[in-house]
């Protein structure tokens, strides 16, 4: 059971300069027969580190998802750990729509007792706690920790990020009681192996470190293979209605 | 302790034709010394009955809230039971931002054991359950029921709405075990007394029926009087950043 | 929408000596047109710092509330953070009955992710956790902290209380992760501004500090304005019955 | 490990006429070596069917418990399914204090997946749901059902109660999904066997029916045998303080 | 990112007669490059419809999983909706161990608001509710319904099962409020499409119907691709110790 | 109400050497008229410190329980804090089956606000958190702490265990906020008094310390006295079926 498929990864930000490494990592991660198309927004923020920026990314994320479905995509992955527009997009299309936060939190809840999220900036603590509450896993969340680096800095000097990630991951395990770790930014894609090594060197072998963007892509493949998508009882198609300001 | 104050009510929809009665109801409900300013959106949907429409209303709701704060408003009320943009707006301004759904659900949880929401259309069941989950009151939610009337129909023939509301309210009490009722659309403003009478005529006296828009306005007054607003630990001001497509 | 109204504040203790400043603070906090009447108990404890004292305050609190309703009061506020007799009083009267603990915990849950209660004595940790559980907000409670001062000492030297309050508030934010603070004793009324300043001086601006007694008064005003009261489905009027020992 | 012991059963009501059968049932239920002393209140309600009556029973229940401890009792059982004064009494004495509602709900949670409470009057639905919430077992509560008979009627014609109890018990199992039943009034003591037979005759063998008063007595014996009592960290002894109106 | 891999599907029952169709369905469902090996037990029950049978299946399931890991398997799928031995096996091996119940319940929680499980026999209601509680999704469980057919009957006449499945699925949606359905027996494998068609014919299009065995297989592939496995902080390797009776 | 009774204590391990003191403690703890029979396994692990060992103990624990019921036992106690086979045994017999973990966690939830478990080895943290979740008391669990001693070491040098137990108990109270303590291994039986003394010497008087094995025995007595047992709606008798490998 393996279908040729096309998955659209929506990076819900505008692209300034070249495509960041974390976005380039999707295509190689797809399985043979799965074509990955990456789209950036025309309208939206340069990066997402707040509920405000998340909100400003949503309208064009929706538009890009509708285009993707019309263009024959089999699934959509929204490449941001705040899952911008997840529920709205799910109403507008019938193909499965996958969010990295929802995916990685549920996966973490399957892999161990409690998980921690290691993210970029402290100000994301409340947004992640809100999503854990919304997804029903707040009682499995050991902590949210940050390395105090902005998303754009992260992309510009990836090497500098590994040690702080290991330091916070160790604290999550030893102080907060975490059994599983989730990267709190899809921009950290590709760093899981190095963090896991660092943990092992400090006596914590075989702690799963979830790379949420790639994990969301693989869950999208799974959904397409299984012909599963969001329930239209929960996410019915919106009514036709006058809507001003989003067509041009 | 009573201050002169100005509260901005943002109707997060575009206005076509004349101002609906439910919006006109805000100003008379304000206390002396409280000036109510109502603003509609320039960009957005004609009404909100889905997560999609909620999302499309958010960017201009944020813009209007920022304008309101800059213009000296003391608080913002978002006039829609899906609380569009509540958290995003709270990051962008320091004045209190009040959502009818959050307000009325918490109030209902104070007034009785379980509450039901009587809304316009069945498709809003999941969005209301999501918000009850998010606000931490899902275990107090007896049911969400609908009268199968769209928002725009509701505004056009308000008299026809009372009997269906009473019918669903009775079912909520007698079948679902509700102790308190909340209108699931701010367009139902002004109908609480008639519904309460209908309940009383059917043997259910003194059941609170919460009119969420007006209730949100009064909570805004309370917040201003008490000099309270959302925590900036939870809702810090977003970083400055390139944002394309929202300036013109 | 503003009615002339009378709110009865029941201080559920006996008064020895002069009225404490925290009780005197109610009348000035009421809005124009709202008359505040304060009553003390004839039978009960000198202060409330235990479930035992709470229980001993309830019978006369109920009696005073019934008198208030008979005397034309529009609402009752019970001036104690243990909400003594809240549910029993709600059965006996039809006017809204407001408790500071229930009010401030729900308000805190609206204003931020997690809240802490800063109270007088350590022995109140369990009673507050019990009430947070009862009101359905235990998962939003970051911590209960105390300044180790009895209620009666608090009233006698209010200036000495500010620094300890700031110290515990800082610990609540920095160690326990609180986003919102609630005073755990209505005797702390009037100290919120000073605590907020202390927090700001330590790098935590715009953290809401809830003064529960005054907040309960303002919620009572809101209830009367909106003609809302507790549900008689949850709090039906008690049956008539022989009751010995409470009439003389 | 079996100690001679004395258990004080406080019937938190005033006694008018002769001791009801449900109270007479305690002594025969005690084990050899366990002396049961029953006390009624001097001040309080004739029966308890509301939060109000519960509250009015508490002060003298506390006084009777203190007397019992001073008189050498090893444990106290409060003979009412609303557990009047449970926490307050636990502060005032060091001997274990047992409430039938808390005991039977936790026992039910051990014996099956979900339980229902079959009580006397509909108005007790909210008080029982409140206690289930407080004791942390609300998600195990399938339903609260009532037979529409007052406590005093119940005591006067016990035979008439069995069939309605069986009818509601059957509905609890077949409609609400209950696996375990709890009598929602200690006055129903002694009826469990008959109800269980009725259930068996209707195809539901081996459904536990918990008789809460007697169960509380047996848990008191267990506590004394094990030298366990409530934690004084949760229920510290109240401070000494002026208390007016409860000495004469 | 696609590895050659070998997944061991343990059917935790003894095989009498020929391999049932639901087990034969695994190999075709695997993706190219993924070899599926199915093993049955030497010691254990003929089918699993109780906690007792689940328990009797566990020791040999563990043994088979250890053999699989020693033999080079990359992951283990336990082919039974009671997830027999899931946690014990996870301690004994380092490769990912996947259970259909845990997988499908978390997936359902991602795809819609509430899910129902349609299983074979009524006696599985409590075991499924227990697992939903354990996995943290009990508040998303709308209902457990059964078609009153034993596992072995199910395998012997698969055609007869479709109509009862559709009937209960409709009731789950229309009466219980389910948005997503899960088959409550891996023996129902292959019937999802027919059930979904039946729902569509009754006005419920696009309701996900999860086939738990196949879904578990695909999640195992995902885990291997992502190099993820259960946390060894939660599931550490058991100590070496005398163990009698399981070696021959 | 006291019956002659026989309780079978199943020590779910094989016995090598002489009976450990903790097992010898059961008979003296029974009340007059209660005969205690202790059985060890023929097949199973030497001790239980993992989910794996728990699982390997279950089949023979079930067999021993069935033998006990056939032999006239009135109740079964499973002498291990992981409650091995609790639900499976409950299906196979009609007499009450009592597990120390379930019993002591519910009892702790009755005796105070939060409890901690002090166990032998760190690796039991996740298994105890799993059981707290399953029994519905996870939000009352302050912490799980360990003294880093294996079960077999514990039995061989009991005196050396007291000081580490006191140390961790103090940390549970002072750091984690525990109000009640539970021993996390039935092998610690008999040490509660010494630990309580140690706590008292450190300023924490009257903190309950629950000895789970003995407590389970006393709850078994209570169940027999009250003629209560697990619900057969939750734990129905398993169907007859081929089962290979467990008869010889």
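Just a few scattered comments:
Going by the order they are written in, the chains are A, B, C, D, E and F; count residues from 1 in each one.
In the analysis below, a contact is a pair of C-beta atoms (placed from the backbone, for glycine too) under 8 Å apart; a residue touches a chain by one contact, two chains touch by 3 or more.
Computed from a predicted model, the values in this text were never measured in an experiment.
In summary, the chains found to touch both subunit B and subunit F are A, C, D, E. At the interface between subunit E and subunit F, two copies of one sequence, more than half of the residue numbers in use appear on both sides, so the contact is built from largely the same positions.
The geometric centre of subunit A is 43 Å away from that of subunit F, both derived from CA atoms. Here the CA centre of subunit D is 27 Å from the CA centre of subunit F.
Along subunit D, residues 112-113, 126, 130, 136, 139, 179, 233-235 each make contact with two or more other chains.
If each chain is drawn as a node and touching chains are joined, the picture fits none of the line, ring, star or complete shapes. Under the contact rule stated at the top, the pairs of chains that touch are A-B, A-C, A-E, A-F, B-C, B-D, B-E, C-D, C-F, D-E, D-F, E-F. Residues 125-126, 129-130, 138-139 of subunit C are the ones that touch subunit F when the two sit in their complex. Subunit D meets subunit F in the complex at residues 1-2, 28-32, 94, 102-103, 106-107, 109-113, 135-137, 139-140, 173, 178-180, 193, 204-208, 210-211, 214-215, 218-219, 221-222, 225-235.
By the touch rule above, subunit F contacts subunit C in their complex via residues 112-113, 139, 177, 179. Contact residues of subunit F toward subunit E in the complex are 14, 16, 41-47, 49-56, 58-60, 62, 85, 87-88, 90-92, 123, 126-127, 130, 133-134, 136, 150, 233-236, 238-239, 241-246.
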